[in-house]
Amino acid sequence: MPAPSARPDRPDRPNTDLRTSELRADAIGAESISANDVGGVLAALRERAPLVHCLTNVVVAQWTANLLLAVGASPIMVDNPHEAAPMAAAADAVLVNLGTPSDETVAAMLLAVAAATSAATPWVLDPVGAGALSWRTRTAERLLAPTTPDRSAPTILRGNASEILALAGGAGGKGVDATHSPEAALPAAIALAREHGCVVAISGEVDHLTDGERVVRVANGHPLLTRVTGVGCALGALMAACCAVTPDALLAAVTATATLTVAAETAANASAGPGSFAVALLDALAAIEPDGLVDRVRLA
Amino acid sequence: MPAPSARPDRPDRPNTDLRTSELRADAIGAESISANDVGGVLAALRERAPLVHCLTNVVVAQWTANLLLAVGASPIMVDNPHEAAPMAAAADAVLVNLGTPSDETVAAMLLAVAAATSAATPWVLDPVGAGALSWRTRTAERLLAPTTPDRSAPTILRGNASEILALAGGAGGKGVDATHSPEAALPAAIALAREHGCVVAISGEVDHLTDGERVVRVANGHPLLTRVTGVGCALGALMAACCAVTPDALLAAVTATATLTVAAETAANASAGPGSFAVALLDALAAIEPDGLVDRVRLA
Amino acid sequence: MPAPSARPDRPDRPNTDLRTSELRADAIGAESISANDVGGVLAALRERAPLVHCLTNVVVAQWTANLLLAVGASPIMVDNPHEAAPMAAAADAVLVNLGTPSDETVAAMLLAVAAATSAATPWVLDPVGAGALSWRTRTAERLLAPTTPDRSAPTILRGNASEILALAGGAGGKGVDATHSPEAALPAAIALAREHGCVVAISGEVDHLTDGERVVRVANGHPLLTRVTGVGCALGALMAACCAVTPDALLAAVTATATLTVAAETAANASAGPGSFAVALLDALAAIEPDGLVDRVRLA
């Protein structure tokens, strides 16, 4: 799996002079990602069933594994320091999620990222709660901007608006809930994408995603997504799965977002509340076909 | 958030001469909590969406978060020693649940309780398995009756009859299942409530709750509640959420119990077994309205 | 609870000269286990509600507990070193599952096995991921073939074909998914059963189970079982529960397998995908009766 093309450039273009206040989203060239591209990545995911090594939090581990299985990927949850490196080296993609970090799991995360870097395996960082808690923010920063050459920046950084703003130097949110809109965080996301040579995905009512050059908005979804814990966390895992089947990390992030949010619309129609919605979401993810995704995804 | 009025008195009234054998439940003045009061707390919970910091066990963490989200609260699960104190200080209420304790999470719990004490934030202790395992019993006792001034007793102590009896010096139960009736544990609960200046809630077929002066029984519920893991654990989290919106901790505990058990009756009608019941319970908790709760709760 | 009769013989019959290549499955005497026997064990499980101490992984802990509760057993999840030994000593059966091991939980597992050995309590080993990761493989080997007299071999070793082959000295699999068929792993299973004096159960499209003399195949099940995380892990817990109510460990393993896979057939008929299947599986496990199991199980 080739690393995203932007990554090798990162050390040579720190862009530390970029500040979110200096950027305007509409100034960015919106090189197109089409609905057909998105459908193609979902088809590839189904065909290849990539092995996704998840170092995630204890709250959402089962949900994440079930969501990956439903959509057709192959999850494996390993977060001890003995096994994190060999597992990451063997996986097709790696997810690092900071939902319930401990000294031991953070050590495993650092080892997994080093192994993924060495193997040129894509990895996704989900900095849950960054900005709200200082130890976690520092841990997220350490993972996002590695100070040692054995670790690369993530292929995709995925969070809500508050987390993205916090990592760009802005103010944090209340707990893990976003208190800012994705639109408000887009300049920060673009700056982070350029600084670290990664894709940045901001979830919200309309998801905003950027690789620092292109900006894609995905306007699917349903309010019930906010009433089930771990949907964002599982989205990060799905982004990792998509990274394993396309070298275009922005397309991977968009496909994961589109697949999850289009399936959520199907699930909401079959639900009486957040409990049945979560169940129906897994069913919808198993049933969604590339053609249906192409028809229903709303990209902007 | 004001601390429950009983708490400041605790150091001045150890009441160590109180023994459960000397108490008669029917001798306690039953100052009334009305169904309307209960409906009012649920309305306030929906309006304020309190942030509930949960230090809970790995078995029920997802379920607890989903249940709080369903009912309208805002859960955050943080149980590492680096973050437990700042998270508790920022939260509207704290849950400490001993379901799967480790040295690290117990350290985090002690830090969280100290931070909650300092911020006068209400906190709930759920001593899962107390009486059945000696290390856990000692840990529960350490949290219930702090020996250092930086930590207060819990606002609410919530358990089954066996756990409450064990903490009052009686015999423990089989694993985490109650082998005693709530009625049999009521004198012990009253004694504990007086000794520690807290509310004590005993779950069972009829839930019994007391602040040492008032006794309230909630007679809603369904046998399927015993076939789903973590219902009691999630009830503790819901009590914490209610504590964040009323200074009357007994009313908070009663509201949480009533909301969960009335919703369980709705869910049981829509279920084919324990799997679909758990799903329907989340739907019912999202749908239950204060008026419906007032109509259906059975207080005694 | 009597230990399986084969266990006391283990030290006297190391059979280290047995190699999988020397065995032919059809050469083994197939002493019969009947459908009626299986129904009898399910009836006993329902009547006695055995306490099953689970040291399992964080991904499937809730699911495992809910599955045991649904079928009528009494789960307790304790995996810290302070409490593992007393809990195992008090339980009717113990499950050790290596899905997400850490130094701390492995220490707890070793203590639990020693306590189970001392109390002659049956225990089940599920070596999740053995063969795929070297630390885990060594841990599984250490649990399977204890080098100190305080720990016995497991009553049942349960895994997929790749895990069983790996523990018998063969090649490992890709992550936690089986890449070999149960039939191909049967000679290895028979060799392991003889070497360690335990039952070996291989899950797959047709489950293969052996105590080294008898071989039983269970041909029930549904492909959706592979789309839900932790079904195999929960099967190990159900085997432990069955071990608590019959001294014939092969019959226990067969009953657990039959109960789960027959219930899966019921659940698949009521499902729209993997999400609703998992929910329906719990409902079906609560509803299945011994008579229905006897009628529907397909043993060979």
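Which chain is which? They are A, B and C, in the order written, and residues in each are numbered from 1.
The criterion applied here is as follows: a contact is a pair of C-beta atoms (placed from the backbone, for glycine too) under 8 Å apart; a residue touches a chain by one contact, two chains touch by 3 or more.
Computed from a prediction, not measured in an experiment: that's the story for all the values here.
K.L.:
By how many degrees does chain B turn when fitted onto chain C using C-alpha atoms, rounded in steps of 5?
P.N.:
Rounded to the nearest 5 degrees, it is 120.
K.L.:
Interface overlap for chain A and chain B, more than half of numbers shared or less than half: same or different?
P.N.:
Different-residue interface.
K.L.:
Distance-wise, how many Å sit between the C-alpha centres of chain A and chain B, to the nearest whole number?
P.N.:
From the centre of chain A to the centre of chain B is 36 Å.
K.L.:
Two-or-more-chain contact residues of chain B, please, as numbers and ranges.
P.N.:
Answer for chain B, listing residues that touch two or more other chains: 58, 62, 278-279.
K.L.:
Given the complex with chain B, which residues does chain A contribute to the contact?
P.N.:
Counting only chain A, the residues touching chain B are 57-60, 62-63, 99-103, 129, 132-136, 174-177, 226-230, 271-276, 278-279.
K.L.:
Mind pulling up the chain C residues that touch chain B in the complex?
P.N.:
51, 58, 61-62, 65-66, 69-70, 74-80, 82-83, 86-87, 90-91, 104, 270, 278-287
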